[in-house]
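Please read through the structure below; I'll follow up with questions.
Should a chain be cited, it is by its letter among A, B, C, D and E, assigned in written order, with residues numbered from 1 in that chain.
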């Protein structure tokens, strides 16, 4: 019982972490249909910038702010220079964002040096407590909380405003949206920036979780974010949440009960979902007959 | 009379909405049948069922006496059911000529040939060119399809259908958006086929003058059901058809 | 008529170019450069196989490394366990290609019903599973230590290896060119453009997709075979996403939907890579040469949005059209 | 004398290297229905798109309410009170009918609500399929949705590209009525192949051919001018 | 283009990819350079990851190697009258590139020695070339056993310690009669090999392995494994880990130490040490930490590093230096003859002084036996990372790995 509880809790926490890494991509890939392979670079930058500012200020939440600002700024640059010319063209998106990913990762080393860096949670989030036989790590509860906040906030905005609709409409037919009097360029820019900020935030929150960050985390976890979005279903925020939790739980349980398959669990899960429910678990898109 | 295609209790529902409702019709061979009905009556859906784009939730379809309900659209095309699409549906980044040539190639059953250059089959290209001339599109042969004006795409659609030389032609609003000046030429093409008398044509149109001019019989669909099936003149007199479909326009609209 | 003539001219041009390349090792004996060119040939073959999917059939795969890896491991395992004789080399190649054919057939049947990025992600997963398998089946693959093996002495000679790769490239290029220009090739393009319309013209699209994915898989595996032979060492990285991404990038940079494009792309990427990384010896400013390498990708998209071969082709077409348009305008003027 | 609302002056539009519009000029008077006629490929759609800023004119000007809008962005142009019904309907296929309408609404005030009621009354099908994805509508229903989307905002000028295409006669009639009704407040530029419709609601017309304006005049003159009709419109 | 060195702009921070024999480097070596110019230089090609994920390691090797040549030649940068020319090539941690660069070095630059590289994959991809071209290759710092094991050839010498040595050292640091040990390592060849060698050594010392856990190499969550470890109630948890997704935080969070389970692992380079803050108090071993060895060579190294680069030598710096020293030493004995076959005879069994004390190339598999260090991680004033403090030096004989070629 304790074991199940502990595995579940940790699975959920890991899942939430994945959600935080993937949430930005739900907007950028799921909603805006941009294959942004530089997404991982954004969370690496968020992680390094956040950790740096956290170190300077000594305040974890200032670090969070720093990461978000870094994400917004980088998002704006990325959208304007890299993404704008290639909306609607997946092939070009792949090429240009992969190129940009190299630039981002390498620039990170120029700015912050090539070494890996340690990251610790602030004291009040450090360590763990026990209930009965179960050890509960404080920072994981914090991650779960942050995940819920981000999810609630984003879904609230998407529900209450037309932004989600407009973005989806803009992806399907940009000209028509403009002809309806909407400045789609500005909206795409804004959504991209928000998505990047979410990525950066995810990167920063990831840092104390793993205890270490390095320039290549973007490369290592970028694809992962795509997996979560695809399993969840394109454009569905709640889908991404569920998918992330599912992956987190699957990892936790597999690692305990079937360790020999743990190495393959992400891929197996994605393959299974794609074979039996290709549109993803919670797709909102893909209803069109096209 | 011999019938080329028959449906038996054909139905399809999308979610809760029954778009085609227990439709049992017979379409006489080598005749010209028109299908009319209000927007959303299920005409296109009916075509989609006949051509295999959609599977019915209920009922059966017989083509030349054979049950084809479970056959794919590809197989049906090969059996001789060809169609044009209401929403223009071509190969956008290929040239107009290549669009038609592909249809000719399929009709000539050259499908898995991978050893020879496609230009070796020169007659395909010639045939495609002929068809383009027929629909007044020869000057656009080298244009990429996506760049065509709307009406030009409609003509391309017709050329592709004709290339398949199918026994049954399902035409879904072929002249929608086509200019006044060119409609007669297309009508001419359709008429020629009709006059040869060896093919069956089913036409969906909202242009009543065309329907009256061409049809041997008219089917009226309404809310997915068959409201009437009769000669064109009888249909025009039908009160329900007048009120639900034609409105006040039907007598003036004969320019 | 004119068109036919042109095809032949380009054929001669390509052949001539191939012959020129064949002379290279005899006049220019910088062996490490030869190795680089061999790699270009190999990745040219691999990228062409990718373009069959991407450019001609409109299928994006993130798992093409699967076939490359199967080819590389196939030949390596056979050679590692046996004497490095010509017989075992050929046997190894056959094993590799056969395995690739079977795997691509099964994978194709399983996955090809999926569309666009769903298919892409599924292939990503499959390749990922192959990577795990290679890692785990250590007695066969050596795990992440990889396999070192020897090959018949004849091919240890770099010139011979070079010629082998070149001949393979040329033969594959011309075969694939014929394939893509065949009636079947045209149907592939139709599938890329509009699957549903292709079906209603009376083509069954599924068999086409399976056929092309098998051909593509086998050609990719052959690329993997040559790769393994050229470095005589392989490890699990042949299954990594990077390998697929390389093929993808080469294809896009060169120009999707043209066979010469992937070869140009392979040449450009391999050479730019080589050149830029050497720059770091020139001055420490270039220590971060990877930034420049990334910028190359970005610039290609901006200046050659359709890839190099694609953009050139396009420019040529436009020029032709402009001329025609002018002629037409003149005609009109005369007529009116 | 009626005021000129829109003046298109000698515009030339290229798409890629193709010279599609060659010195097209026309004027639209406030409160009138101006019809653009011409055969397929004449450049009618391109003209409307150039006004909307969706294609850019390489020379010439588009003046709307005495303001040069030639080089402005599409969404700016639209915000000035110009509505557009494109030829291909421009439905957002994955959005529901309701969502399509919601994206289109520039304001959510009472007047908009009123117009919404009016539109849904005219096209009850839209109300019926409110939660259906736009891409699943029938051809005619899409056309209705496209028109409804343009009607929902308070527009001074409407550019409508072939509205009758694919509509049942009875709906065509409704669309004609609606245009008549709106004429009070809204000026309309109409591209239409249905000559019956064009001639009964049009006030003046321009005929385009091969990217050039070749003829213009009052609609009632054209109706009776058999020679002209035959020459440019192929109507006997 | 890379073989002719541009003049290396003086005081920069060691970013030069290559530092040729230019005399400005050693000011006391100015005589002799005249007549040495006439002599054929000795060329050494060093393969290292100078960009990408392992660049930090590559650069440590590079700095160490430069200093090693300087040290071994007393700053003259020449041996037996022949100047030494070093050419660095970046493998980018890609076997294909490594091989291409190795070929370039062998064919174009005609190097007499190969040194490298930062990853075992890169190294394995080139070892056969050493044999084919009959050039000595010094393996540094790649650790895979197979390099001196099943894939060994006689031209290969390794100054780096191999995985088994690590394992033996790890065992020596903690294993004893009746000690219960659980292990945690990535599910990869590196992890599994490391543990199997460790197990052999630890069991040899009388310890009992109660549990082996192999989470995926890219795992982010280790709690499931740690759960099992807690349940197994070992005295020690021995961890073999490489890669940046470290388990340290989670081990600390799950409070293994509080539950009476002591942690042990190899101490990594300084940057990575800073991530081991939670493991203060841990007993383990290390390959090198700059204040552990007590010998002149190391003193020199520490001082020079401070002068030149403003830092202390890190984990693989002494390795680079050792590789350089071994080459110079061998050349001294052969009197400048770089013929591979000749050198093999000299180098087999050769001992040489390095920052880690005396190393000896074992004749059987050419693996250098060397000191490793049993340490405890302690918090120290003025250090932002836990500092390895010496328990005892593990002698070369003690950590000699089994011969497996």
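Here is the rule we use: a residue touches a chain if its C-beta (ideal position, glycine included) is under 8 Å from a C-beta of that chain, and two chains touch if they have at least 3 such contacts.
Just so you know, these numbers come straight off a predicted model, no measurement behind them.
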Partner chains shared by chain B and chain E (touch criterion as defined above): C
Furthest chain, CA centroid comparison against chain C: D
Intercentroid distance (Cα basis), chain E paired with chain A, Å: 37
Between chain C and chain D, centroid-to-centroid distance (C-alpha), Å: 49
Between chain D and chain A, distance of the C-alpha-averaged centres to the nearest whole Å: 44
Cα-centroid distance, chain A relative to chain C, in whole angstrom: 32
Junction residues of chain C, two or more chains touched: 135, 288, 290
Junction residues of chain E - those touching two or more other chains: 51-52, 187
Interface residues, chain A side, partner chain C - complex: 35, 82, 85-86, 89-92, 94-96, 98-103, 105-107, 109-110, 223, 226-227, 230, 263-264, 266-268, 270-271, 274-275, 278-279
Residues of chain B touching chain C in the complex: 51, 53, 72-74, 77-78, 83, 89-94, 98, 101-103, 105-107, 110-119, 121, 160, 164
Chain A partner contacts - residues on chain C that touch it in the complex: 54, 60, 110-111, 114-115, 117-118, 121-122, 124-126, 128-129, 132, 135-136, 241, 245, 248-249, 252-253, 256, 288, 290-291, 293-298, 300-302, 305
Residue ranges of chain E touching chain C (in the complex, touch as defined): 1-2, 6, 12, 15-18, 50-52, 88, 90, 92, 94-97, 99-101, 103-104, 106-108, 120-121, 124-128, 132, 144, 146, 151, 187-190, 192
Contacting residues of chain A [partner chain E, same complex]: 3, 6-7, 10-11, 13-14, 17, 106, 109, 114-118, 120, 127-128, 135, 137, 139, 208-217, 220, 248, 251-253, 255-256, 259, 262-263, 265
